[in-house]
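Below is one structure, written out as structure tokens, with a few remarks after it.
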Amino acid sequence: MLTMVEMNVRIPLDFDREEAEHLKAREKERFRELQRAGKWRHIWRVVGHYANVSIFDVESSTELHDILTGLPLYPFMEMKVTPLCRHPSSLHDDDR
Amino acid sequence: MLTMVEMNVRIPLDFDREEAEHLKAREKERFRELQRAGKWRHIWRVVGHYANVSIFDVESSTELHDILTGLPLYPFMEMKVTPLCRHPSSLHDDDR
Amino acid sequence: MLTMVEMNVRIPLDFDREEAEHLKAREKERFRELQRAGKWRHIWRVVGHYANVSIFDVESSTELHDILTGLPLYPFMEMKVTPLCRHPSSLHDDDR
Amino acid sequence: MLTMVEMNVRIPLDFDREEAEHLKAREKERFRELQRAGKWRHIWRVVGHYANVSIFDVESSTELHDILTGLPLYPFMEMKVTPLCRHPSSLHDDDR
Amino acid sequence: MLTMVEMNVRIPLDFDREEAEHLKAREKERFRELQRAGKWRHIWRVVGHYANVSIFDVESSTELHDILTGLPLYPFMEMKVTPLCRHPSSLHDDDR
Amino acid sequence: MLTMVEMNVRIPLDFDREEAEHLKAREKERFRELQRAGKWRHIWRVVGHYANVSIFDVESSTELHDILTGLPLYPFMEMKVTPLCRHPSSLHDDDR
Amino acid sequence: MLTMVEMNVRIPLDFDREEAEHLKAREKERFRELQRAGKWRHIWRVVGHYANVSIFDVESSTELHDILTGLPLYPFMEMKVTPLCRHPSSLHDDDR
Amino acid sequence: MLTMVEMNVRIPLDFDREEAEHLKAREKERFRELQRAGKWRHIWRVVGHYANVSIFDVESSTELHDILTGLPLYPFMEMKVTPLCRHPSSLHDDDR
Amino acid sequence: MLTMVEMNVRIPLDFDREEAEHLKAREKERFRELQRAGKWRHIWRVVGHYANVSIFDVESSTELHDILTGLPLYPFMEMKVTPLCRHPSSLHDDDR
Amino acid sequence: MLTMVEMNVRIPLDFDREEAEHLKAREKERFRELQRAGKWRHIWRVVGHYANVSIFDVESSTELHDILTGLPLYPFMEMKVTPLCRHPSSLHDDDR
């Protein structure tokens, strides 16, 4: 199940810096775990923003929901979720 | 130079069908050419829409402009262009 | 895979009436087929609009895309697609 | 009287956690009560958001208003209310 | 069941004038009928626009849907439908 | 001078409750005064929101401005002001 | 009764030029008439647009509605109507 | 150089009242100064809002920028700036 | 007087091609004339769109209005006009 | 790689003034450095706003991202990033 998720992170200016660094480190760790598992298929940074464009490939909507809402930085994120499917003309195996 | 391009195609209801099929065939051909050249890196369909999310990897803004405005279906497309860059935590080689 | 699809139908004022009636009849037939198959799980009319709110339960994004873009009235529809998942507190079996 | 209500919950980051858990527990209880009474007919989670899509079937606008504004999490919710009616082509009894 | 309906009429510039006058006359007749029946409780013009703000008081969502979509000028209208209920502080009998 | 005013009230979560109750009581009192004077002609609640749709009938724009900005809950309100006029087809005396 | 009206004119590209010139001439004549009568108090062009910002000073909402909808170019205009009132700090007599 | 400036003032609910009164007094003083100098040509209140519509007539963009950002209430204002020019049909000298 | 003008060109699909080419040639000629005169200070293409971002430096709002509305492609353009002024920290002479 | 960046600065009303002045001084210094290096090609103030329109000319998206997110005032900025390319009709060397 392919899905594009656009994540926008807004950490309040007065949020504790150490706590923020800690959350970012945990986020990175969780991201890598999901990346290795082949579930977080792609990620790109959006130029000039603390934001990313990501492609997920998971088993079900419930799995995606649990992954997203379980991210360490989730409480600071705005998300836009767009369901995708493989394009019939694509020649690339990694377009999933 | 990584860029996300979201393309939305709207062919008018009364547009000549044969001409439309001809343009779609040429679009597909051009797409495959750019895909093989490694410039049109990824493409996905947006569920329920005649639309796609694409990732381009080109040399310059001018090259991207020329590619996009030269697409056979360009006159029927609305485009949203978002500059991306590689994410430092990514482990995948194809995140470009 | 649960998905909400909001469909808004706009048939141009000068579109041939007989052709429109024909398409609506085919739409209704297709709708019933998908309803009986358990794929088009729910449908409601939006008061005052030629529009509906629907819940689909299908196997994959690709299946949903093919169903939606294959609807006889698809060329006249604007669609909003929202991925859903079962709510953990729900007691009803038909919340899918 | 069928109505779609889209609820989006935003609890401030610095809100007391215990109090929040208490409100969520009361919300769940109230939800089940209304579900059993057949008034909160359907509920689905929106993937990636602390939000739901719900279908209510109540006697009057006033009853709906009192139910919604009386929810324990109401002060943290943004709501979109859309009046629906049964679709004439529906074959399902639970499309209400 | 109290509902506010905001109707915005857009008749295309090249629409047949006689036909338009005929539809407007039928619209007015239908409006008066519904007004006398107590269903179309209030109507006001929006200054500078071919538009009105109306309050309906009907038995059900289905009745409202049938009334609105059956209006002679319906194909030219954009509608915004907002469910209302009586305000507890109101002293006026006609606030319905 | 007929005007529709849509009022949306947002009292911050951490605002003193007693003070809020006091302001609401004063708002109700002021509302009734203006209702009896025939200036606040109609009011309805918007289902699911702490909001109302109101119709004012006053002598001048300045009088309306003074009434609105003088409401006890004014500092917590968002307002949308729409000038109306009597509809020529209306048969009702209270459509003012 | 002071009101700001922002008028945006869109004459279709294929509209008959002579007829357009005729309507513009009549619009100008009507504008001058209303200007001399002190009803169309001010007018300015919006740079780069076929649009104006105008201030009207009329007796009633109904008078304003009749003036605006009676303008020769009205069928080609989009309007935004904003009720104003005299500012208490103004020293100028022409701020009406 | 004629420019319309729409100013919307939002002073936070918890801002010190005395300080606010002081700033408003200074704002009024500065406004009158600029009014007398013929630079702040017109001002009107927007009904129901702590907002105004103003017309400025200054020498340059830089002068306008300095005037606006130097207003005592500037930190609390949202501004919309629209360049205008004299309308060729205007008969009034004060349309500047 | 520095102004940013964002121009978006939309020539209808069925517009006569030869006429379009003729207008584009005249547009280019006029553009060069204004560029040489130092009035059209800068121009850039917006990637993927038939659109440009331009900086004008003219004597007055009226001059700008006349230049813009006199462009051969003006009837096909949507424009956004933003007044600018020189930035005090700029070291470049061409930032005008 | 030419890019337009529109920066809007919002420093909270209660932010420490001295700290703000310090950040602004560092921002100015950094701006001049990038200006001299030819990377921050142009800058203009937006009249009436604490905002600017800037043109960057850098080697890559990653370089631009690092420059923007490294600005001392970045945490207070909203940014809009638009990829540009040189216009073929431009005669000016500084249109880059």
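The first chain written gets the first letter, and so on, giving A, B, C, D, E, F, G, H, I and J; residue counts start at 1 in each chain.
Here is the rule we go by: a residue touches a chain if its C-beta (ideal position, glycine included) is under 8 Å from a C-beta of that chain, and two chains touch if they have at least 3 such contacts.
Remember, it's a predicted structure, so these values are computed and weren't measured experimentally.
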item: Mutual neighbours - chains that touch chain C and chain E alike; value: D
item: Interface residue identity across copies chain A, chain J - same or different by half; value: different
item: Angle (degrees, nearest 5) of the CA superposition of chain C onto chain J; value: 180
item: Separation of chain E from chain F, taking each centre as the mean of its C-alpha atoms, in whole Å; value: 22
item: Chain centre separation (chain E, chain J; CA means) in Å; value: 51
item: Centre-of-Cα separation between chain I and chain H, whole angstrom; value: 29
item: Geometric centre distance via CA averages, chain I-chain E, whole Å; value: 45
item: Residues within chain F bordering two or more other chains; value: 2-3, 45, 47-48, 61, 64-65, 81, 83-86
item: Interchain pairs in contact, sorted by label; value: A-B, A-C, A-D, A-J, B-C, B-I, B-J, C-D, C-E, D-E, D-F, E-F, E-G, F-G, F-H, G-H, G-I, H-I, H-J, I-J
item: Residue ranges of chain I in contact with chain J within the complex; value: 2, 4, 28, 31-32, 35-36, 41-48, 52-53, 55, 82-92, 94-95
item: For the chain G and chain F complex, residues of the former touching the latter; value: 1-3, 60-62, 64-65, 81, 83-86
item: Partner chain B, residues of chain I touching it in the complex; value: 13, 45, 47-50
item: Interfacial residue positions of chain F with respect to chain H in the complex; value: 3, 5, 12, 15, 61, 64-65, 68-69, 75-76, 79, 81
